[in-house]
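You will see two complexes here that share chain A, one where it goes with chain B and one where it goes with chain C.
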Partner chain A sequence: MAGFLARRLLNYVVLVAVAASLAYMLAATALDPRSNYADRTPKPPPAVIDAQLTALNLNDQVPLLERYAVWAGGVLHGDLGKSVTGSPVNDDIARRAGVTFRLVLLGMIVGSVGGVLLGALAAVRQYGWFDRVSTGLSFAVLAVPVVVLANMLILFATWVNDRLGTQVFLVSGEYTGGLDTGFWGSAVDRIQHLVLPTVSLSLALVAVFSRYQRNMMLDVLGADFVRTARAKGLSRRAALTRHALRTALVPVMTYFAFTFGALLTGATFTEKIFGWHGLGEQLINSIFTNDVNTVAAIALLAAVAVLCASLASDLLHAALDPRVRAG
Partner chain B sequence: MTPATTPETAPAPTPASAPVLDVRDLGVSFGDVPAVRGVSFEVRPGEVLGVVGESGSGKSVTASAIMGLLPSSARVSGSVRLHGRELVGARDKELNALRGRAMSMVFQDPLSALTPVYRVGDQIAEAVRVHQRVTKEQALVKAVSLLDLVGIPHPAERALAFPHEFSGGMRQRAMIAMAIANDPDLVICDEPTTALDVTIQAQVLEVLKKARDETGAAIIMITHDLGVVAGLADRVLVMYAGRPVEVGTVDDVYYRPRMPYTVGLLRSIPRVDRGAQRRLEPIEGSPPSPAALPPGCPFAPRCPLHVAACDEAEPPLFETGPGHLAACIRWEDEAASEAGEEPRSPEETEAAEEPEAAEEAEEAGEAEEAGEAEKAAVPRGEPVLRVEGLVKDYPLLRGAVFKRRVGTVHAVAGIDFTIREGETLGLVGESGCGKTTTLLEILELARPQRGRVVVFGHDTARLGPAERMAIRRDMQVVFQDPLASLDPRMTVHDVVAEPLRTHGLRDTGRRVAELLTLVGLEPAHAERYPQDFSGGQRQRVGIARALALEPRLLVLDEPVSALDVSIQAGVINLLAALKARLGLSYLFVAHDLAVVRHIADRVAVMYLGRIAEIGSVDAIYDAPAHPYTQALLSAIPLPDPARERSRRRILLEGDLPSPADPPSGCRFRTRCPKFRTVLTEDERVLCVEAEPDVLPVGEPAGDQGAACHYAEKLDVVQPRRNSR
Partner chain C sequence: MTLPEEEVAEELTPGVPGRGPRRAPSRGRVVVRRFLGSRQGAAGLAVLVVMFLLAFAGPLLSPWSYTDRDFTAFLQPPSADHWFGTLQTGADVYAVTLRGMQKSLIVGLLAALVSTALAALVGAFAGYFPGWADRTLTWVTDLLLVLPAFLILAIMSPVFGEGTWALFVLMLALFLWMVTSKIVRSMTVSLKRREFIQAARFMGVRPVTIIFRHVLPNLSSLLIVDATLNVSAAILTETSLSYFGFGIQPPDVSFGTLIADGSKTAVYAPWTFWFVAGLLVVTVLAVNLVGDALRDAFDPTSTRPR
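And now, the complex of A and B:
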């Protein structure tokens, strides 16, 4: 197992290096930091621009491979370079990664647990009213883009707030700035901010996971080993949870790990709409500001996240399913 | 006339013992379709009831109904009483308390019957803990002792293994351990050995007997194999179209059957103790669909004794003797006809009792057989297929991105055989022995990894594309699964005409009609699709397709193993008739040695990629010389209760070794009973060090050859003649 993991890890390091390098090359060729200076009044002299760009390792007159070498050397020492404004990318990314992580973690947990429960219940009562309603709702949610869903949630939340006369749901940002209400007060404030984006993230996840789990569960429900469990004298509920659900969870859990990795940089819309300054939002911003180093840094982070998730999914799979452990 | 019975099989039940299970007029229907109708029987403590029937006869549904494990869409009527307690309509909570404790079940498919993600020991311990208030540790200790009881070596270690680390036979043992964990009064076994190889089946049946002796439980043994029940059951219930058609003691049902269906079933089974001299008698037609039962007796359309009165009403069960019931209005005629023309079975029973008289008779018969065998050994025609030293390895790969070779599976490790014109060679062996790989290697018509394949005098290593195409015309194949091997979107006409068109024939209509008539199908049915036919008819379509190009050699891959016995006999007879009529040669691959005895002239027994023994059918079946052939033949149950009870089985220990890591020297030595018990230390050295070649055995060195250093002929099918 250890040898297997070491080989896997080595493969991943190579893959991350390739992905990040390609992303840097693409960003460095496609984005044009020099144009940032074009709109400035007064327009700085070309020599000054050149000097500044060179200092930031963004000068397009320096050969691409040379810039790449400087960037890669920095990355190997843990330095992701400087943004167009001259601030270090490291600090910015670290802060934003934290924001995204706090946002995605809860949504992910709520979404997957909810989806698994929903799907398993629907499968157990296949073609019952619960199955039909949950199937219909899942497809409705899947058909609505996140943008629309999030805005509908905001409209709903303001309606509720108006009705109750107090701000129950807070629709923008991660917390209210300058709040002085002690630990519990700020915790409540954070939760008020967290509810809506979490709901918006988890709804789509619930829809996907419930479909997936339902199919897995249906495959397992007719399996002989569930019948064996019943023949032992286990009640229907015990046979379904201990034997059927436990076995049907294996493929879903591996899917969970992958989705988590993808969401770290994939929650762009949710971050933008609810004003959370996370990685997804920054990716969009940095493309607009021709911020090559930030784009490359986020791409690198995305690659690392996806491959970590993949590794986690392998480990989870091995932990849950003894059949893949051999070897 | 009454056969000798051992004490536990005494047919007269003591009236004092109340039945464990009493089923009265049980009916199960799914929607409007009745699956089980009017099933009544009782089982007493320690008794083994065999429930026999073909697929769709309702035997498994009956079992699930007793356990209360039917899906909610099923409607159950009638009464099932366990120790006098009504189970039909009982609340689930009550049933949960009974399931696994008072009654338990062993299922057919051991591959899927255990939860893949839990350790075997934990699953057995769970069965204990559901019903007994013990700690986890106590339950595990109990699980280990149960595994020991069912004969799992190193039970304490194996209890920690996961189901996928167990072989099929071991999983079925674990299932039995689970079933007897709480000392049940009734164990229902639903085809417990159908998915297993014969030598493993023999082991598992032994375990079941032991479990019965240990717990004193009554056993309901559901099977389609009349042989399995013969040696084990006290009473037999024969089911047809969802309903019992004959019930009685095992001897009554096998020796004095009164229902024509039972008679037909017994006559249609191929038996290892009888060769091609006795033609199988198939039952015409196929079982009725439960949704469209014929009026009157459901067996009437297939019955040789059919009269007009049979169609009027479904016959009740008539009492034809003490404790013997049969659902046939003409049972007295059946009894009379049996007395007249079928004296065979009682005679054999007598023979079993008088070994000396039998021996004389047998010896006379043997002289004849020997003469025949010699005739068979004389080359009768040109060889159509010659295989010399054929080898096929598969690499064992590991790794997702970088594949590494971690081992080699020696699927076929150097085999030789020849098929001459007009001859049938049966290639038999248990699963994993390499018989299918051999067949695929031959069909490929390419240069083998090592060795030579010569088809019609052409070495396959030197064939050009055109020659290869020409040879394919002469060598055709019939597959195991008749439905999967026919394209569901092609009509039968298109299926049969396809080889003709491929080889450039335009006008196919007349030839297709000819072929369909040849295999016993209506030419008018050519426009139908494969799904409109029954299993046996589909296999006939497959045979017609194979015959379309007038081949000289037919390669048959388990052609009848997917069919019910009553249908199987018809296909075997068809193949025999076609061979005689068209002068075909067959390479017949099968795991069922009884089928091979009926169809083959010569037989090759494979073990772990090597041929263990080869020779004429009569020589091999009557006097096998290789210990593996002997064990294989002795493991096959005979549908003959008296003989089955008196037979001594050669039980093999353990499972087939992995073909990736075969034992040194003789591949069979790890399981060989001779190696273990008969040979001396010095003699064993040869087995460990040298791999035996197939060498002729017998005094006039004939056709028979065995790959054993210490080959010695031994009759295992007829128990009264032991070693000579």
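And now, the complex of A and C:
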């Protein structure tokens, strides 16, 4: 088991290194930081632009491999380089990672718990009214892209706010700046900001997880061990929760780990639309501002997140499924 | 959706006269009957046909084309003149929306076809040829899974200028095929041990011929379902990318660019947002229903009370 994990880890590390390098090269070739200086008035002389770009390791007249070597050397020492404005990328990314993490963690918990409960309930009464309604709803939700859903939520929130005459839902940012209402006041303020982004993140997750959990549960419900559990005298509820649900959770856990890894950058649309200053928003901004080093840093983080997720899913699988540990 | 129809056409052509009427129903016919027999499959297919008709024949019904500007009506609600209202620029929402729908449908269909073909080829070759071929292909698959697709597509977006949407389709397809290819690979590995493949091998059939004539046809049900579901995935990805300006570039329009523009004016001019959003959701929903019904129709063990 340890050898298997070590080999997996080595393979993942190589993959991440290659993926991050590819992302850097792509970003460095496709994005053009020099064009940022073109619109400035007065236009700085070319020698000044060159000097600034070279200082930031962004000069497109330096060979690509040389820039890559400088960047990779920095990354190995834990330095992600400087953004186009000259500020270190590390600080910016660290602050934004916290924002994204808070948003994604809550959305993920709400989404997965809700989805698993819905799916399990639907499977227990297959083709009952609850099953049909939840299936129909999840189909409908899966057909709505996040960009549309988020905008619909904003429209809904404005409508509610207009109707009630007070600001119930706040649709932009993580908290109101300069608010002085003590701990509870700012907590309420944060929750008002948090509701809509969390809904927009977790609705799709609920739909996916409930479909997944329902299918897993249906496979398990007919299994011999559930019948055995009933035959030895367990109540229906105990047999379902202790034996069926637990077994059906194993593959869903794997899926959970992967989704969490992907969401760290996958929350891009939600963050951008709701004005949360997280990693995803920065990704879009940095592409628009030709910020090569920030783009590369986020690509690296995304790859690392997927790596951690797949490692976690391996470990979770081993923890939940005794057969994996034995083999 | 086209494949079952082709199968029907094949079934109906009088190619084999002389056989008795008590011929056992072919697999294709069974699948088509099961598919059309399910309510959601028939409904999804009908909606999709209507959507295609609307996208490609609908513009003929309206006097406005998507490039026209009505300088007497800016941001007007739906009326007899402009069925879906007008945008801030005076463009007719009906014409623009259908134009965007054409683009989104074409992009979605093509990207899905390309990505499923890629998944089938890579998966089958990796599964059939163990050793370095398998290792290399699997490694490339893993690498593309680790690369954040949205980021690469967004970085590449300056390349997608006017008229290069074919390149955009290819890039979109490049990030949709990995998971299916992993499934195809593992199914190929188990198919390779079956007698009919072994027989073909020992008769001296070339491996590539075996893959195309024996392996891939046996995975056709998986591939058809996958292609269908990829259509909706491609449409959704295209929408998200275009929303942020990373996909289809102006003056071309797609669902994504229209939704991005519409969402800005949606509060006081709801027609600029809801028609596009509604059509998008209905299209994707129909594709998903067709995919789900196809999966049930291909699966001999599924029992759905209908």
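Operating definition for what follows: the second predicted complex is superposed on the first by the 322 of 327 C-alpha atoms of A that agree within 3 Å, B and C clash if a C-alpha of one lies under 4 Å from a C-alpha of the other, contacts with A are read in each partner's own complex, and residues count from 1 in each chain.
In this section, a contact is a pair of C-beta atoms (placed from the backbone, for glycine too) under 8 Å apart; a residue touches a chain by one contact, two chains touch by 3 or more.
A quick note: this is a predicted structure, and the numbers were derived from the prediction, not measured.
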Both complexes share chain A, so when I overlay them there, do chain B and chain C fit or clash? fit
Which partner does A:143 contact after superposing on A: first (chain B), second (chain C), both, neither? second
So, A:323: does it touch chain B (first), chain C (second), both, or neither? first
Determine, under the contact definition given at the top, whether A:307 touches first (chain B), second (chain C), both, or neither. second
Between chain B (first) and chain C (second), which does A:106 come into contact with in this model arrangement: first, second, both, or neither? neither
So after the superposition, what angle do chain B and chain C open up at chain A's Cα centre, nearest 10 degrees? 70
When the two structures are overlaid on chain A, which partner does A:31 contact: first (chain B), second (chain C), both, or neither? second
Have a look at where A:236 lands relative to chain B and chain C in the superposition and call it first, second, both or neither. first
With the two complexes superposed on chain A, say which partner A:283 touches: chain B (first), chain C (second), both, or neither. second
So which one touches more of the residues on chain A, chain B or chain C? C
Looking at the superposed set of three chains, what is the minimum CA distance between chain B and chain C in Å? 6
Using the superposition on chain A as set up above, list the residues of chain A that contact both chain B and chain C. 11
Chain A - residues contacting chain B, complex: 7-8, 11, 223-225, 227-236, 243, 246-247, 250, 320-323, 327
Residues of chain B defined as touching chain A within the complex: 67, 69, 92-93, 96-101, 104-105, 107, 109, 112-119, 126-127, 130-131, 162, 164, 175, 178-179, 398-402
Would you mind writing out the residues of chain C in touch with chain A in their complex? 139, 142-143, 145-148, 150-152, 154-159, 232, 236, 239-240, 243-244, 246, 256, 259-260, 263, 266-267, 270, 273, 277, 280-282, 284-285, 288-289, 292, 305
In the complex formed with chain C, which residues of chain A make contact? 11, 15-16, 18-19, 22-23, 26-27, 30-31, 127, 139-140, 142-148, 151-152, 154-155, 158, 265-266, 268-269, 272, 283-284, 287, 295, 298-299, 302-303, 306-307
